[in-house]
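Take a look at the structures listed below.
Look for chain A in each of the two complexes below; its partner is chain B in the first and chain C in the second.
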Partner chain A sequence: MSAKQKRILTFIFRWSLTLGVAMIILIPLYWVFISSITPRGELFSTPINFFPENFTFQNYVDLFVELDVATMAWNTLIITVCSLLLTIILGTAAAYAFARFELFQSVSWAFRLLLFSALIPPVITARPLYDFMKSFDLVDTYAGLIILYTSLLLPFSVLILYNFVKQIPASLEEAAQIDGANFGTILFKIYFPLMKPAIATVSIINFIQSLNEFFTPLFFTYKIKLLSVGITTVPRESNFEVPWDLISAMGWFIILPIILFVLFFEKNIMEGITQGGVKQ
Partner chain B sequence: MKKLGFMFVMLTIFLFVLAGCVGVNNSDTEEPESNEESADVNVEGETITWMTNDSSRPGWEDLEQQILDETGVEIDVVVTPTNPDDMVARMTTILSSGDTEVDIMHINDELITAFSRAGYLEPLENDVMTDDVMSNFAEQYMEDIPTYEGSIYSVPSYLEILAFWVNNELLSEAGMEAPTNKEEFLAYAHAVTDGDVYGYGGAWERSYVFNEIGTFINLFGGDYFDWENPKTQEALEFMYDLAHEEGVTPPSQLADIYDPMIQKFIDNKYGMLFMYTGAIPTFDEADSYGPDKLDIAPMPTFETNDAYMASWHHVINASSEKKPAAKKVLEYLASPEGQVAYYEMSGRLPARLDVLNDPEFSAPGLESVKEYIENSTLRGRPLVPQSMEFVSGIGSIFQQYISDDLTLEQTVEQAQAEIDRLAE
Partner chain C sequence: MQGSMKRSTKWKLAMLLILPVLLIRGFTIVYPLIVTFINSFFEINMFKGGEATFVGLQNFASIFTDGKIIASVNFTIVFTVVSMIFHVILGLGLALLLNMKFKGKKFLRTITLIPWAMPMVVTGIAAKWAFNDSYGLVNDLIRRIAPEFQFDWLIHPWSAQLAVILVDLWKDIPFFAILLLAGLQFIPEEIYESAKIDGAGHIKSFFKITLPMVTPTLLTLCIFFTMWRITMYDLVYAMTSGGPGDSTSLLAYRIAVEAFTNLNIGYASALALMLFLIMIVFSSINLLFIKKAQY
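Then we have the complex of A and B:
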């Protein structure tokens, strides 16, 4: 086999694989979108229509008029933004401490425990956590949700930020100390600017995770409506029929900002993760 | 040594977490409160919280107003997740933690079976579901579902019957009448089956098939909890033969839930099926409901003509701090006026038989339902406390039987073991 033939074969193999993987991911998304613009009566018609004969955007209108997704989106935004800010502040401080004081055994253990906490399935902690939150009157409150979201986002954020802090030479900090800088100045004026790429990455990933988070709002809210749970409260006409058209529209309403985010910030996400993984 | 220490700490944390999970509902450990506290207490102006998925219906505000006018109690709503798994998780957390936020819940047959046995619900037999009131509901159903150890735990909000539906267009093409027995059932199924049109249609997805297995077991006079019963086995073999020997129903429906089954019925792909009476509006909207289109026929008699009834129930959280007000509301919902008010809001037929038999009351499909009430025994579905696990477990075994992965003997053995495990 000549070199040219090899190149062509490699090219075909790569692209087949790429297209195959892309199809596996994109076809369900396409199907959800098509279902969202298909009138209910046509959803299960046979033979299958890969594009509806009479498409409609009524389901998207219903989302705003009947399901009040605007309120859900607003609540989701408030909780997500507050959690992100808190996560970044706490995460950076924690990452700094874990990276700079890891010679102390207790600090190193605390870091391991934090990472371990992320491995516990939420369903195991749900019930005791519910009792705990209830005892502080934090169930179905913005404050309660922000605390829960922050605790959910912190372990991964600290891990990424920790790897980043470790790459920053300690000599910078020492030089600042010699010049009389206190801890706050060092953290906010030296580390924060240097960690911007990592903070951007963590923010983007956490934003996506917050939008996707389903378990926490499902268990810890009554009346505060969030987007991710909204999909499970889409009303049914009867007990045995699922309004797939409306659910699909809701699905797209949730997915779209995530897709846009990833499209716009893909480079930052990848850079942040890979940079954090490189050792000095 | 360092590693050992780390593992010890991890293990300790894990045990703490587990210990935290062993919480129980307050009501389990406390003496049940008096069951006779609603009638004489002034509840005017109180607000109770109602967990339901009905609040998005157009008539909900009218129902709230009617309740306020009749009882003086105001309603605050918490929306229930409609996805069954999420609903179970959410409600179980609230009830098991002794949460007092929710007073009334709207739950299905499966959940009332689980929650009543767990002690999460307030008994209602002394003040809401008194003998007088009870006598107006389907007797066998009330015994099967909301009653546990002599106590009654719910007010059924509506009545649905898993009825026998026929395609009258295909029937008249075949020159036949709606089947009334097993022989006619098979004859009609054969007469209709042609290409992609099948005489009988079903939804044999592992959770949904539960209803059909039970319906055929009822028709053959078997017992869902006894799979060694020859009549139960006869029903299973009959279903197997419909798909294989007779070839009058498609094995591909093993993947179907109700939505595709309903669509195929509307598209004239099925000659008959079992479906809830609540599907009337769906067929009506598709312009397919009526005496010369898709319609409910009397249940055919194989050995029996028993039919399943299903409902959703209004129940009171045993930990509620507003039980008198909640009971006042349930008293109204159990009354003829309350049942009609709920019907007007939801379009679902009332569960009270005296309301259904009232000449003043009319609703689409009412005559067919009355025919069932008069001529069939309406049973509750056979459920156990862990109903979802039970339903899908038996469904999976049945699917393996239909797919020829299990013989009838193996199916019976495995299903019986599952029943013995979960029904204890």
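Then we have the complex of A and C:
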């Protein structure tokens, strides 16, 4: 086999695998999309028409009119943004302390405990936590959800930010100290600006995680509707019927921003998840 | 801050900075965990008034004779083992593909991130419809090859279990591969080059260089992914609601049903505690591996 033949074979091998993987991932997404724009009458027909001649955005209109997804999106956004901000503020402060005062036994043990606590699945703590939140009237409130979301996001965020603080030389803040800077100035004027890339990475991943969070809103809210739970409660006309028209539209309404996010921030996300290696 | 402060001042400052995080995690994780521990020794059933009666280890004893739990545990084990085997094989394959230097690299990496970034519920709900006999995507694709094919995946226990596993693989193998890719990138290029000079082919250098060097990462990932499999909830909630019968009710799903639907809190706590002990065993194995990899 000549070198040229070998090159062509490698080319075909790589690209056929790549396209195979891409099709396995994208065909289901494409199918959900065409379902969402197919007119209701044509949806329940076989075989599936992958290139529909008629299309409609009626399902998306119905989402807003019948299901009020605007409110769900708004609730999701408020909770996501608030928990993100809280996580960044508390997480950066804690990450700084964990990284700079590691010599204290108590501090390094607290850090280990925090990471270990991330492994405890929510289903183990859910029931007592529910009763506990209820005793403070925090069930079905924004505040309650924000606390729970922040708690979920913290371990991963602290870990990433901690790794980043460790890379910043301590001599930097010592110099600032000699110049008379106090602690607040050092944290806000030196650390926050330097940590921007890490904060961006953490925020992007946390944003996706909070949009996707399902267990917490499922058990800790009834009236505050979020997108992730909303898609499971699309009303059906009978037990045998699946409102696939609305569900597929809602599915795309949820995943489109996520896909755009992935396209824009592919590099940050890659960096973040390979550094933390932890899902939540 | 390091130099000028007294040791005690430093400690106070450190505590002040980490306290909010510890409080939040303490109240939302540690405290409920302790309550779960205590509740597991009581019979508390909200349908029977919700009063707590001390029953010792009886909750734990009933676990072993409860047919629903045995079904859950069985499927959790099958689900985890089968899923993990394919995670390792296909995940490694995909990671190798992601690690190749060619024009499609960025395209492939971006696409691979999509299943990870999607909510599990959306995946599960779409999957429920995709495995529908008449209108689903899966049978439609099969019918393009075998036109007469008819099969309702989610009404037979074995095929529902298979479908759940397939969806789990679709959703999480890409993530597994991306994390594995980080391990692959640590292998220095020079090793491959010198192996090439020594006459080693692709297959030989995979088994002699890539596999041994990526094994520590692979093991750590397996521990984490196994734990996530054992505690998976969203997928079966959205896709099968644990059915048909109890054939796909993973352990975490079963616990949530006992705790929030049957309101059998004492029993649910005992189950949760059992799950917690399994997690402890796995994370200790994890620590052992990490120690080994370091020395």
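What we mean here is this: the second predicted complex is superposed on the first by the 259 of 280 C-alpha atoms of A that agree within 3 Å, B and C clash if a C-alpha of one lies under 4 Å from a C-alpha of the other, contacts with A are read in each partner's own complex, and residues count from 1 in each chain.
One rule holds for everything that comes next: contacts are C-beta pairs under 8 Å (C-beta built on N, C-alpha and C of every residue); 3 or more make two chains touch, one makes a residue touch a chain.
All values reported here derive from a predicted model rather than from experimental measurement.
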Please tell me, clash or fit, for chain B and chain C sharing chain A in the overlay.
clash
With the two complexes superposed on chain A, say which partner A:Y142 touches: chain B (first), chain C (second), both, or neither.
neither
I'd like to know which partner A:R127 touches here: chain B for first, chain C for second, both or neither.
both
By the touch definition at the top of the document, which applies to A:F98: first (chain B), second (chain C), both, or neither?
second
Is A:G41 touching anything from chain B or chain C once the two structures are fitted on A? First, second, both or neither.
first
So, A:L263: does it touch chain B (first), chain C (second), both, or neither?
second
I'd like to know which partner A:F192 touches here: chain B for first, chain C for second, both or neither.
neither
Would you check which partner chain A:E174 touches, where first means chain B only, second means chain C only, and both and neither mean what they say?
second
Considering only the touch criterion stated at the top, classify A:F55 as touching first (chain B), second (chain C), both, or neither.
neither
Which partner chains sit in contact with A:L90 here, chain B, chain C, both or neither? Use first/second/both/neither.
second
If touched residues of chain A are counted for chain B and for chain C, the larger one
C
Which one of 38-46, 56-64, 92-100 or 182-190 is the stretch of chain C that crashes into chain B?
38-46
Common interface residues of chain A with chain B and chain C?
43-46, 116, 120, 124-128, 130-131, 218-219, 229, 232, 242, 244
Provide the residue numbers of chain C that touch chain A in the complex, in ascending order.
1-4, 10-11, 13-15, 17-18, 20-22, 24-25, 27-33, 35-36, 39, 94, 97, 100, 102, 104, 106-122, 125-126, 128-130, 132, 134-135, 137, 140, 143-144, 170, 174-175, 178-179, 181-182, 220-221, 224, 227-228, 231, 233-234, 237-238, 252, 255-256, 259-260, 265, 268-269, 272-273, 275-276, 279, 283
Touching residues on chain A, where the partner in the complex is chain C:
14-15, 17-18, 21-22, 24-29, 31-32, 43-48, 90-91, 93-94, 96-98, 100-101, 104, 106-107, 110, 114, 116-117, 119-121, 123-132, 147-148, 150-151, 154-155, 158, 170, 173-174, 177, 183, 186, 208, 211-212, 214-215, 218-219, 228-229, 231-232, 242, 244, 247-248, 251, 254-255, 258-259, 261-263, 266, 269-270, 273-274, 277-279
What residues of chain B sit close enough to touch chain A in their complex?
6, 9-10, 13, 17-18, 20-21, 23, 49, 53, 56-57, 78-83, 86, 89-90, 93, 96-97, 99, 101-102, 108, 160, 196, 257-260, 262-264, 267, 269, 276, 278-279, 281-282, 285-286, 310, 312
Quick one: which bits of chain A touch chain B in the complex? Just the residue numbers, please.
41, 43-46, 66-67, 109, 112-113, 116, 120, 124-128, 130-131, 134, 139-140, 218-219, 222-223, 225, 229, 232-242, 244
